[in-house]
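For clarity, chains are labelled A, B and C in written order, and residue numbers in each chain start from 1.
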Amino acid sequence: MILKKEFIHIFRDKITLFLVLAMPIALVLLFGFTISSEIRNAKISVLDQANDTQSKQLCKKLSASGYFQIVSYPGSEQEADSDFKLKNIKLALVIPPHFEESLSREHIATLQVINDVSDLNVASILNNYVRAVVHDFENDYNSTADMAQNFTINIKMLYNPTSNSVYMFVPGIITLIMILVTALMTSITLAREKETGTMRMLLITPVSKIHIIIGKVIPYMIISFLSTIIILVISVLVFKMPINGSIPFLLFLCIIFMLTSASFGMLISSVSTSQLDAMMITMMGLFLPTVLLSGFLFPLNSMPLFFQLLANIFPAKWFILAIKDVMIKGSGFMDIWRYMLVLFLMAVVFIAFSIRQLDKRN
Amino acid sequence: MYSIVADQLTKQFGTFTAVDHISFQVKRGEIFGFLGANGAGKTTAIKMMSGLLLPTSGTATIAGYDILTQSKLIKKHIGYMSQRFSLYNDLTVFENMQLFGTIYKIPRKELKDRIYESLRSLDMEKQSGTLVSSIPLGWKQKLAFATAILHHPDIVFLDEPTSGVDPIVRREFWKLIYQTASQGVTILVTTHYMDEAEYCNRISIMSDGQMKLIGTPSELKEQMGVNSVDEVFVKFVNR
Amino acid sequence: MRTILILIKKEFLQVFRNPLLISILVVAPLVQFVIFPFCADYEIKMLDIAFIDNDRSSISKDIINTFNSSGYFIPHGVLQSQSEAEEMMRHDKIDILIEIPARFEHDLYTGQPTQISSTANAINTVKAGIGTGYVQEVIGDYMRQFSERNKLPDQFGARNAEIKLSNVYWYNEQMNYKNLIVPGILVILVTLIGCYVTALNLVREKEIGTIEQVNVTPIRRWQFLIGKMIPFWILGMTEFIAGLFIMKIVFGITVQGSIPMLLGVTAIYLLVMLGLGFFISSVAENQLQAMFIVLFLFIVFVLLSGLFTPTEGMPDWAHKINYFNPMSFFMEVIKKVVLKGGDFLSVQKETIVLSVMAVVINTGAILSYRESSK
C-alpha cells in the first residue's frame, strides 16, 4: 500500500523522474567521450632561431606526428610567453641558431623545450611526445641507428587493451547514480514526510515500522536499478566495455550496494529535520566523499594516509573495488566476498541505527 | 462606486474549469464573503483579482483598475493574505513589517510609527523583536493581517485567514476585520466556517467554480427559509 | 533603491540566522578548499612496479636498478613467474610489470631484435598512461646512454649527430602539482555558491509560499532579483577573496597577474552563475528538481572545463558545447591570470564572452520569473 503510494508520488513528479533517468545516460556519454589522457593536436610554438633545412625538417616531423599543431613561430622568448597566454599553446620548442651546422660539424645540438607546467600531467605527456619525435628525427638524420636499433619496448595495457577510459569511470558513475538516486531520494522523501508530519500519521497506523521504511525505499531502489542497467547497456553497446564476470552476480552486487546506500539515506533522514538539511548532509557527507575518496576520479594511493584511512568508512570505495573486479577481471563471489560483507554489515548498522532513532522520536 | 467589479471572470487549467464566468460587485467598505467547499474555486478567484493569476477570459476592475492591463497599479492598492502563512519565519515581527512596508514605499519615519501603532493595537509590542517562527499560529495570522494593511490599501483579500485557528482568536480576528472595514477598506474574505459568514455584509456561495447564490446573510436565509447560514449551505448542497 | 536595500538586508538576516545555511555557505566551502587539494590530486606519485628478469645479466640488473632509483616507482622486487605477476596485478598490488626477455644482453650487443615488455594495469587509463610514459622515459634514457657508451665502431660513414633536449619549466617552477587543482577547486566552490545556493533559495520561497506574498506587492521583478542577487554576489566574492588568501597561505600559490583584474572577471562570472541559478529556480517546481538540474549542469561544466582532463583530448562536439560553458572560460582566465601572470589582453576574449553570458542569462532569468502565472 505504502509502496503504491510512493510510486504514485514518483510518477507524478515527471520532471524529477526524467532527470533521474536521463542523467545517467548523459553522464556516461560525457565521461566516455571527454575523459582521455591522450592528447592530439596540442598547440605548440616553435622558436626557430636556425631557420635552416634541418630545423624545417624537424618542424615538419612535429606536425606530421599528429600530436602537435604548430600555431606560431615566435621570434623571442617574450613572444613565446605571450603565445602561452594568448594562443593557449602548451609547449614551445626552441631550435638554436646554426642547428644544421652544429649537427654536421659538432655532431651535437641542444633543443630547448619550454613546458607549461601549470598543468604538470599535460606537460609530462607532451614532453614524452617531443622526446619520441626528436629521437625519430635523430635516427632519420643519422640515417642509421644506434646500437639499440633493434630494441623496442612492448607496451601492454592489461585488462583494457585499447586504453579505454570507460573502464575507469563506468563503475564510478554507477556508484554515483546509485548514491544520488537511492540515498538522496530516500533521505529527502523521508525528511519530507517528517517535515509535513505525515510520517507521524503513518507511524500511528498498525503498519509496522519496517514495512513503512521498506515501502518508502523500494521504489527508489527500483529506479536506481533501472539507471544502473541503462548505464551498463550504454557502456557495453557504445563503449564496448566488456562485462567479464557473471551478469546476475553483478546485478546482485548492485542490489547489495543499493541496500547500503538506501540505509545510508535512512540514517541521514533520521538525523535531519528538513529536506534542506537532508539534501545538504547527503551532498556534503556522502556525495562529495564519494567523488573524492572512492578512488574513482583520483587515485587513492597518492593521497595522504589520513584520507586513505577515511575512505574506508564510505561504502563507495568498497563497491567500486568489487564492481571493477567483477566487470573487468571477471572475479566471482570467492574473490570479492570480503567487500560484499563490508557493504552488507554497513547496511545492517545503518538500518539498526535509524530504526532506533525513529523509535526515540515517537 | 464599486471597489470590485468582476465580469464573467473565468479560469481554466487545461480542461478543468476552476472558476466559471463569475460576475459580482463589491461596494467600498463592504465585507464580502466567499463561501464554498474546498476546491470550489475561491482561491483561484482571489488570485486572479490580486494579480497572481491571469484569467482565461472575462475581466475584473479592482479599485478602478483593470486586472488585465493595470495589474501594477492594482498591486499598490490591495493587501493580500494567503491561505498558507506566508511571512518570513526567519525574520522578526518588526523585520517582516519593515520589509513589506518598505516594498510599498512607505516613508521610513512614518513606517516605523505605523508598525508600532499596529503592534500596539494587536497587543504585540513586546514581540516586535521575536522571530516569527516562534510565535503561536493565531498571532501569526493577526500579524499577517496587520502586515497586509500596513500600506493602507483600498481592498484587502483574505484567503481563509482563520483556518486552523482557535475560536477566541477567530473572534479577535473578525474584530480587526470590522475595524478595518469601518475605515472604508473593502474586505473580500473566503472561509469555510459558516458562522463567520454571518459576520459578512454580503456573501456568495461558490460551487464547481460557479457563483450559485449571492446576497446578505439574512436575504439568503429568508430565500431558503432557514435560520442560519450553515443551514443555507447544507440546503444548497442537498438541492 | 530603498526597496533593494531592504531586500538585501532581509537576505543577509536570513542567512546569518540559519546556522545550517552559514555552515553550507561559508564553513563547508572553506574547509573543503583546504582539504580537497590533498584528495583531488591527479599526481601519480608512486606506481607499484615489479620485474620478471629472464636474462639475469648485468644489463638487466642495471635496468632494474635504474627503475628502482628513478623516483617514479615503488619497487616490489623481481618475481619468479608470470602467474605470480598476474596474481599481484589482479589484486592491485602492482601497477606495472616489466619483463626482460632471455638473452636480452646478448641480443642487444649483437644488434638482434629484442624487446622489453611493459604491462600496465590499464583499468585506470590515466595512471596507466602516465606510468607507461615513465617507463618509456626510463628505458629510453638508459638505452641512449647505452648506445653512447657502446658506439659501434664499424659505422663508418654514417652520421652520428646527437640531439639533446633541455627542459625549461614555466609558470610553475616548483613543479607543484597543486598549482592547477587548487585554483580549479576554488572555481568549483564559487560556482556552487553562485548557482546551487541561489537556485535552492528561490525555489524554497516558492515552496513555502512567501514568494506569493512578495508577488502581490507592486515590487518590480528586476528589483526583487537584484535584491536576491547582491547578497549572494557579495558572499561569493568574499569567499573568492578568502580563497585567494588560503591559496597563498596554505598552498603557497601567489596570483601572478593583477588581482583587481582577477576580481573583476570573477564578479562577472558570479553574475553568470547567479543568473543561471535564478533561471533554474524559475523552471524547477521544487527543491529536489532544482538540485538535480544544478547538479547535472555542474557535472557537465566541470567535466568539460578541462580541470581534470585536458580539453585537447576531447572530441569536436565537446569543444562546441564548451562555447556555452561559462566554467571553461573562467577556468581559462584563472589559469592565465593566477598561474601565468596574464594581463587583460590575454583574458579579453573570455571576459567579453562571460559578460555576454551574464547579460543573456540574467535577462532570461528576469523574463522567466513570473509574478503572475498563466
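Keep this in mind: contacts are C-beta pairs under 8 Å (C-beta built on N, C-alpha and C of every residue); 3 or more make two chains touch, one makes a residue touch a chain.
As the structure is a prediction and not an experimental result, all values here were calculated from the model.
**Student:** Tell me, please, which chain's centre (mean of its C-alpha atoms) is farthest from the centre of chain A?
**Tutor:** Measuring from the centre of chain A, the most distant chain centre belongs to B.
**Student:** Ranking chain pairs by contacts, what comes out on top?
**Tutor:** A-C
**Student:** For chain A and chain B, let me know how many angstrom lie between their CA-based centres, rounded off.
**Tutor:** Spacing between the chain centres: roughly 56 Å.
**Student:** Can you work out the whole-Å distance between the CA centroids of chain A and chain C?
**Tutor:** Chain centroid spacing, chain A to chain C, equals 12 Å.
**Student:** Along chain C, where are the residues that touch chain B in the complex?
**Tutor:** 2-3, 6-7, 10, 13-14, 17-18, 208-210, 212-219, 371-374
**Student:** Note which residues of chain C are touching chain A in the complex, please.
**Tutor:** Touching chain A from chain C are residues 20, 24, 28, 32, 36, 38-46, 89-90, 107-109, 111-130, 132-133, 135-137, 139-140, 143-144, 146-147, 150-152, 155, 158-173, 175, 177, 179-180, 200, 204, 284-289, 291-293, 295-296, 299-300, 303-304, 308-310, 312-315, 317-318, 332, 335-336, 339-340, 342-343, 345-346.
**Student:** Going by the contact rule at the top, pick out the chain A residues touching chain C in the complex.
**Tutor:** Checking each residue of chain A against chain C gives 13, 15-16, 19-20, 23, 26-27, 30-31, 33-43, 81-82, 84-86, 88, 90, 103-104, 107-125, 127-128, 130-132, 134-135, 137-138, 141-144, 146-161, 163-165, 167-168, 180, 185, 188, 275-277, 279-280, 284, 288, 292-293, 297-299, 301-304, 307, 324, 328-329.
**Student:** State the interface residues of chain B toward chain C in the complex, per the touch definition above.
**Tutor:** 50-54, 71-73, 75-76, 78, 80, 82, 84-91, 95, 98-100, 102-105, 108, 131
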